[in-house]
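Once you scroll down, you'll see the structures, which are given as structure tokens.
The two complexes that follow have chain A in common; it is paired with chain B in the first and with chain C in the second.
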Partner chain A sequence: MSSTNEVIFNEVSSLFEKVSFEKISDRKYAVSIEKRQVVSFLETLKRKGFSHMSLITCIDWIEEKEFEIVYTLFNWNTGTTLMVKTRTSREKPVVPTIMEIWPTAKFYERDIHEFFGVKFEGNPDLKPLILESWEEIPPMRKDFDPEKYSKEHFPDRAYEVDFLVKGSENDE
Partner chain B sequence: MSKEVKLFLGPNHPGMHGNSSVHLYVEGDTVVKSRLVPGFLHRGFEKLMERRTWMQNLALIPRICVPEPDINEMVYAMAIETLTGIEVPEKAHWIRMIILELARIAAHLMAMGGIGGATGLYTMPYWVMPDRDRILDIFEKITGARIYHMYIIPGGVRKDLPQGIEKDILEVLDYIESRSDEYENLLLKHRVIRTRTKGLGVLTREEALEMGVTGVGLRATGLPYDIRKVDPYARYDKVEFEVPTATEGDGYARFTLKYLELQQSIRIIRQCIDMMPKEGPVNVRFSRGSALRFRVPAGSVYAHVESSRGEYGYFVVSDGGEKPYRIHVRGASYPQGLYGVENKLPGTRIEDVALWLGTMDFCSPEIDR
Partner chain C sequence: MTKQQSAWEKVANMLRARSLWMLYYCTGCGAIELPPTMTSRFDMERFGISPMATPRQADILLITGYLSTKTLRRVIYTYEQMQAPKYIVGFGSCTLNGGIYYDSYATINKLDLYIPVDLYLAGCMPRPEAIVSGFKKLMEKIDRGEADGWKRYQENYEWYKKNQLSALGEVYIHDEFHE
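Right after this comes the complex of A and B.
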């Protein structure tokens, strides 16, 4: 019943244009796909055996002015990890949601929206989840400087170095 | 006519697992709507990791997960080893397995105590915590630290096992094994626990797969899916162990599996001690010059292990620099903690919510990070 990786990858490659699976190490592969095809691509992979979605993550490639969304899938039958990567522009980051395929994606997408500002089209609930009263740019973006933020928002505390107990034998 | 009342479980609540809050809307005693409100524990680990060198992060990563910190070190080391192509010495693999399995026993014991506490059976936490302490003693002898070991490093382990530690480990294993019957009598055969957990929080196989639940949550639905077997790391393909499964998919099944996995971990450690090479290096020198200026070749990789709560992974991206470009922590309880609380918790009675979270292995630092 369970197909080997080559069979799955060949079948998927024949359905989509310009898709090439790259081997990273044993049982770890990566593939890039265009944003408009990502939903049908993931749906196909899920049907072919990559049924477990481990996580969705985002990388801020600030010099290339792009966000990279990575869907990490796992195949329980062959023990293979597959990273599906897609890119979106940094100015107007919009990616379609994959909630229809994996319902848990709702929260991963909400997380990425909060920390990177990527909008997931079709996800009804992108309210902030973890941060409270956040008014800066999304904090995981590379142009957010946490040091500057903490300097602006929190006062420097003056510490008095006073470790020695007064009147003890340490006093000369 | 019933009235809906809003209740808060946590962030400070004896039945709450870590600093998170569950907002419950209840009618009578039954939860009709619930959602998780995380954020109380957010420490920005992922951002912090981007601002430190690869080696400095070693002191930071174990602190993400309190009950089982070693898995963090392991996935971090695994990811770096994949990117750099470092071959770990044979002996280090076996030492890593001993550490990971000891940590699994400690985490399972603590979880069993937590479930005992949530049902009002306080004997259980009083029993397991001292027993877990014996494992921490072993950790102290091996690594110098009790909770956060910083022992598994990229390229192996920090130092070799101390002389004669095998005897100490076997003694602790024998002791825990001798306690097994008592645990079983107190927990698995206890009438209160059986009544409270049987039929609680049933997840069918389809639901578990759909949600992405891993670990005992998935294995309680009859699937023998364990990353140690499916995608073996270290030397898990060389040792013999079974993956216990159940078919009921309820709280009691998940809980029983924890107890059974404890036995398997003991079995694995015994084999490790037998099969481990007695001589040889335990780490490789991965950089010329200062370890702090160590660079990882550009690339991205996802490394994962089977933790006591399920799949635990790091997504690591390097741009070839001295610091990680991006690290994403995949907590084992992320699916059940957020999606599960919102969709599967309603229908439970208020007094069972803490128990539901306990048997689902909810752990808030994995969500807040």
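Right after this comes the complex of A and C.
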């Protein structure tokens, strides 16, 4: 199975409504898909040659009140990277899991659940992966203020300033 | 400022300063400066300092870089396992004042609030020359009996514990290695 990207993209476009593959560079493409179709869409792409799931990540579009989940797929026959993007609302972020397609997705989903608070429906194990005893809102959300948190929890060193260059950033 | 030392302590400190085993806790980027410091170019061993694999036999705990709250819990475990006399060297500006991670939600900003630091090596990251010169300073301090972080930790244990708890919530580690 070594069809070219164009063939794969045409086949996939004929199966799903309103998907358009956008070319970023020779070996890099992107596509957006609705949340309810994402599982069958990724399944189809996997069968057509994008068999390697490299990464799942998340973007917080705070002004649009949406989270964007980005699945990065790789095709070993054509050496092409494909970004599949889907969006979910910020108020109630729920996305179906893709663990049935790629079991390794479990850990990426745990990671995104921990750092953005996106729930993956069907993933049985969403307990924290990296942080320990975290009680605030998920730290990668744009409305979380890391500096304020740091100031409250981790005291700074106080310096005695005895000389300042005029116009330096500490000159008040 | 030299402290009053008994004759035994003077001899002990002189000997201690000349044979140091170092546990390097490579938390941050600074760890990359240690291989050249240990190997033939800068050759740390000519000062009697050599690497040690376990905390129970080490004298120096070298913390090379930023500490997340998660790592700090392990560092406190490690430090409390070490036998006195024990010395901590904070390495790089991240241990001093947070460095470029001063506003991170995950890393502490000031190491000496949580464990007693005997010597800081400033720089991001300090070069092997700075490390070697820092170790010379540490040896002089041990020789003069001024590197007494482990005594301060015993005397002010409540204060250190209070700071640890305020930053970490609890020091106890829950994971598959410590349950």
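Keep in mind that, in the parts below, the second predicted complex is superposed on the first by the 158 of 172 C-alpha atoms of A that agree within 3 Å, B and C clash if a C-alpha of one lies under 4 Å from a C-alpha of the other, contacts with A are read in each partner's own complex, and residues count from 1 in each chain.
Assume a contact is a pair of C-beta atoms (placed from the backbone, for glycine too) under 8 Å apart; a residue touches a chain by one contact, two chains touch by 3 or more.
These numbers come from a predicted model, not from an experiment.
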Check: First (chain B), second (chain C), both or neither: which does A:Val70 touch?
Finding: first
Next item on the list: Report for A:Thr104: first if it touches chain B alone, second if chain C alone, otherwise both or neither.
Entry: first
Notebook entry, point to check: Regarding the shared-chain residue A:Val94, is it in contact with chain B (first), chain C (second), both, or neither?
Noted result: neither
Next item on the list: With the two complexes superposed on chain A, say which partner A:Leu15 touches: chain B (first), chain C (second), both, or neither.
Entry: neither
Notebook entry, point to check: Counting only touches as set out at the top, which of chain B and chain C does A:Leu131 meet: first, second, both, neither?
Noted result: both
Next item on the list: With the two complexes superposed on chain A, say which partner A:Lys28 touches: chain B (first), chain C (second), both, or neither.
Entry: first
Next item on the list: Applying the touch criterion given at the start, work out whether A:Thr81 contacts chain B, chain C, both or neither, answering first, second, both or neither.
Entry: first
Margin query: So in the superposed three-chain picture, is A:Thr57 touching just chain B, just chain C, both, or none of them (first/second/both/neither)?
Written below: first
Checklist line | Residue contacts with chain A in the superposition, chain B compared against chain C | finding: B
Next item on the list: Applying the touch criterion given at the start, work out whether A:His153 contacts chain B, chain C, both or neither, answering first, second, both or neither.
Entry: second
Next item on the list: Touching chain B in one complex and chain C in the other: list those residues of chain A.
Entry: 130-132, 139, 146
Item checked: chain B contact footprint on chain A (complex, rising order) -> 24-25, 27-28, 30, 51-55, 57, 59-60, 70, 72, 74, 76, 79-81, 83, 102-104, 106-108, 129-132, 139-140, 146
Check: Which residues, counting only chain A, touch chain C once they are in their complex?
Finding: 130-133, 135-136, 139, 144, 146-147, 149-150, 153-157
Margin query: Per the contact definition, I'd like the list of chain B residues that touch chain A in the complex.
Written below: 38-39, 42, 44, 46-47, 51, 82, 209-212, 214, 223, 225, 227, 230-232, 299-302, 304, 311, 313, 315, 317, 325-326, 328, 330, 334-335, 338-339, 343, 367-368
Margin query: Under the stated contact criterion, what part of chain C meets chain A in this complex?
Written below: 69-70, 73, 96-98, 102-110, 113, 166-170, 174
